[in-house]
Amino acid sequence: MHRERFYTLTASCPDRVGIVARVSGFISAHRGWILETAFHAEQPDEGGGVGRYFMRIEIRANSLPFTPDEFRERFQPVAEELGMEWKITDSAAKRRVVILVSQQEHCLYDLLARWQSRELDVEIPCVISNHDTFRGFVEWHGIAFHHVPVAPDNKAAAYAEVRRIFEEACGDVMVLARYMQIIPPDLCAAYPGRIINIHHSFLPSFVGARPYHQAWAKGVKLIGATCHYVTADLDQGPIIEQDVIRIDHTDTVDDMVRYGKDIEKAVLARGLRYHLEDRVLAYGNKTIVFR
Amino acid sequence: MHRERFYTLTASCPDRVGIVARVSGFISAHRGWILETAFHAEQPDEGGGVGRYFMRIEIRANSLPFTPDEFRERFQPVAEELGMEWKITDSAAKRRVVILVSQQEHCLYDLLARWQSRELDVEIPCVISNHDTFRGFVEWHGIAFHHVPVAPDNKAAAYAEVRRIFEEACGDVMVLARYMQIIPPDLCAAYPGRIINIHHSFLPSFVGARPYHQAWAKGVKLIGATCHYVTADLDQGPIIEQDVIRIDHTDTVDDMVRYGKDIEKAVLARGLRYHLEDRVLAYGNKTIVFR
Amino acid sequence: MHRERFYTLTASCPDRVGIVARVSGFISAHRGWILETAFHAEQPDEGGGVGRYFMRIEIRANSLPFTPDEFRERFQPVAEELGMEWKITDSAAKRRVVILVSQQEHCLYDLLARWQSRELDVEIPCVISNHDTFRGFVEWHGIAFHHVPVAPDNKAAAYAEVRRIFEEACGDVMVLARYMQIIPPDLCAAYPGRIINIHHSFLPSFVGARPYHQAWAKGVKLIGATCHYVTADLDQGPIIEQDVIRIDHTDTVDDMVRYGKDIEKAVLARGLRYHLEDRVLAYGNKTIVFR
Amino acid sequence: MHRERFYTLTASCPDRVGIVARVSGFISAHRGWILETAFHAEQPDEGGGVGRYFMRIEIRANSLPFTPDEFRERFQPVAEELGMEWKITDSAAKRRVVILVSQQEHCLYDLLARWQSRELDVEIPCVISNHDTFRGFVEWHGIAFHHVPVAPDNKAAAYAEVRRIFEEACGDVMVLARYMQIIPPDLCAAYPGRIINIHHSFLPSFVGARPYHQAWAKGVKLIGATCHYVTADLDQGPIIEQDVIRIDHTDTVDDMVRYGKDIEKAVLARGLRYHLEDRVLAYGNKTIVFR
């Protein structure tokens, strides 16, 4: 992580000779100073075909003679030549993170501590919850709190409200910080790659409800957590980050829940950070994570 | 692990008041010196009922005035009073481990290195394989090698032969050290809790064939291995030990296979050790592992 | 962790035959129901001599016919017979934890989140800090906040004040949650085994100031944190818990500080929990931790 | 790791604008297909000055119209322009690894298992040992074995012999696979960055002899191993790889030795692999490891 302002170019395109030269040549022709680079060639399928090339380049902002918008304009011909999907972001433009939470505090406290210390250098325009539990805590931090109850008979209206709040807040990313509700398909579809969840198991094991109970019944020796993008397919979206912790026969389900919280908040924080730093490039149902 | 000779008492019984006192009182009444103890109370099901109590006690052999056989006779009334399942083993009686292997060397080399250095202080009467690949290596160590080919049309005969060899070798435990064949149900049933397998995934994820391919397709960020007792239910027997290793998008399936080998051999060695030291008490489809 | 009220007996004594039988016999004679036990025999030094025996036993409170005080009286003869150092605590008597903090929020937020969710089931009578930074945050939680500035020329007075506040708060344990000051020897001596620090390195590497800078300069591939009891010998007290996280050449000192915070708060929380549950028995400069 | 033949270019030079463009432009001008790239900018010291840029690029061999030698000739002007230290290696030219061992088998078995399975795709021209213990095992693998006893009064002669054997074997790298002798300064100086050691502690903790005894005495909760380049400064050379394993109070020094072996062989194998794949660029007393 750099302290000075920088732009981050992320892109993917069909693999071929000369991609790195073409892109880095463009940057260097404008005297752009590269701070950090990462490239990855995803192999073609076994049946043959063309692989796909992914990249992420950080460029010192004050080394370039133009704005991000002008960069976009000038780089477009290069991108077209290479058949690229791409974007460029500016470290000076803070992302707007909307947090959804239910009644467990561990992820919320963890995210707000990181935000307080500016480790998580974002705007948090608001927190949305289906309970009123954390209103005081959130508002004490100077962050707006929206209580949007979700009941079996009001789901459509409730999620319309969530969406309205998110739009009004100009949210870039929605973080489900142990939000114990299933996001409806239309909301998933509205924000592909912009809703991040923390699931309390090492996926693909123990999809759905009460994963620690499932883990206990199975007698596994490690439990985990998974940070992933939310899609309409429950707990099946592209995985961003995972981790595990060792347990043993002395641990009850309550103990596993307690241990699990430590993994959940760490994995969510790492996954969110990778996303915010444009380190995650999803393709198909998988991710490239340029750590 | 102690250097002097000791007996290991393992037992389980319905939980009640006074179990520890009754058992340790018996030992102390005969001046038995306890080297190591572990107890565990498994809670009753949520619906109520009685919990189950598990224990493992190491007693210095020369502190007791009698042999293991005499211990068995004298302890039997205590065990009956408590409704115990129990056994006592003698560290001086080396276990006989029969290794089954196919064509991958990593677990075989690892086990034989541990055996050579006496870290794995057992007899290895023979190695059985469905290929002749490792005959020279095994025989160089002074261990008998049996080539028992397995083909679709000879399975019953092949496993009858495996069983005959194991019996003739007076095997205590059969270790599937990446033996790439499915053990038939009758063989599983013949040796419950005596056949140990290493599966190359973090179960319950990726059961069955080609787990690394499955893991690659899913895009998980950690891969693992599982050491478990073999039952007729493929890859579903009680788990003894598991571990994982971090991977990322740069790792191909070949890389995952390579990383996985390091986890497989470590997890198998640990699981086997726990078994040989009578640290594993299976109940239902789970295990207590007194590390 | 049990949900019902229980007593925890911890003890150590010279090793001999019959300790477990004597203690468990006492408990069982009064119909005490044992929930959890752990024993450990520390070997005598190589030169010979007598080993030392350590134990921790949880007993269901309502299974015993007497109070903790009566237990103390009745058990005393057994303890004397065995030459024991011992104590018994009551899960119903909440510990009083006083937190000392400077200007970093990660450990403070983490501890208060655990306290809010009752995972950390203690009283926090007050937080003491050499800065006023977290007054609002702490007071919002309904916890008293004391600002005790520490300057080179007022150290004696400042620590007298810390001690007065701790005494007035009837503190059981003092937690240095990244309190960036050196505790003077007389304060250490006043509360042996009752002051817990989190040091931001994997001790014994990188004692003292700026351990992440030291780690960066050395080029280590993992960094860590250590939770330990504070003694007059800087960063040398008995270690309770440690952990590490992987880093690489791309990580600057700032990155290491950031990663380190995650390890620090996790290690402090685990170490404190072990202490509060009477799982830590210090002897010499080491600890037994009955997890 | 790729299956097809490739060249690996590694280089470092003072940081400036246009390095990536210049190098990748050269490769692309000759239609070179880049398989894998890694770049790293090491920040200048706090006092200012120029940073240093490091790179590693894998190029598909058959995409280039010339041999490695011709590459060297043609690339030299680019390298001079950028002030580079650089080299290019060919995956088809197998490295020659000479193993030095004493009387512990774990690293030796582990390396030979990897070599047998071609995971470690190198030539092992010979094994050198100060004991004759493993002659049979090594020779069974078709590898020459040299017994070079080392006694207090013959060190100079012994290491001259080691050097002669290494030279005669055309060794590229010397691996100290728990070779329990101190390499003399002149031998270190003769092969900078070409002698790799595995030390049985998490350096910088526990330098020198009997690190597990030191760790036991200190009461640490994790033990580790360190793979590093050997320099004349004992256990202080640039660190390539490290890892740790959790221990607790029940573990004796013997147990720690046993656990430690598993970490040692894994860390040595990883460190050696990084070295053989030209992933390690040492600078000063630190390393860049492009995993």
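Order of writing sets the labels: A, B, C and D. Residues in every chain begin at 1.
The rule is simple: contacts are C-beta pairs under 8 Å (C-beta built on N, C-alpha and C of every residue); 3 or more make two chains touch, one makes a residue touch a chain.
In this text, all values refer to a predicted model and were calculated from it rather than measured experimentally.
With centres defined by CA atoms alone, the chain at the far end from chain D is C. Two chain pairs, A-B and B-D, are compared here, and A-B has more C-beta pairs in contact (counted per touch definition above).
Measuring from the averaged C-alpha position of chain B to that of chain D gives a distance of 36 Å. Chain A and chain B have Cα centroids lying 41 Å from one another.
Across the assembly, chain B contributes 36, 250, 252 as residues in contact with two or more other chains.
Looking at the complex, you find that chain D touches chain B at residues 1, 3, 36, 104-106, 108-110, 112-114, 116-117, 119, 136-137, 140, 250, 252, 254-255, 258, 261-262, 266, 269.
The residues of chain A lying in touch with chain D in their complex are 17-22, 24-25, 27-29, 31-39, 41, 63. Contact residues on chain D toward chain C in their complex (touch as defined above): 40, 42-43, 202-206, 218-222, 224, 238-239, 241-244, 248-250, 252, 285-289, 291.
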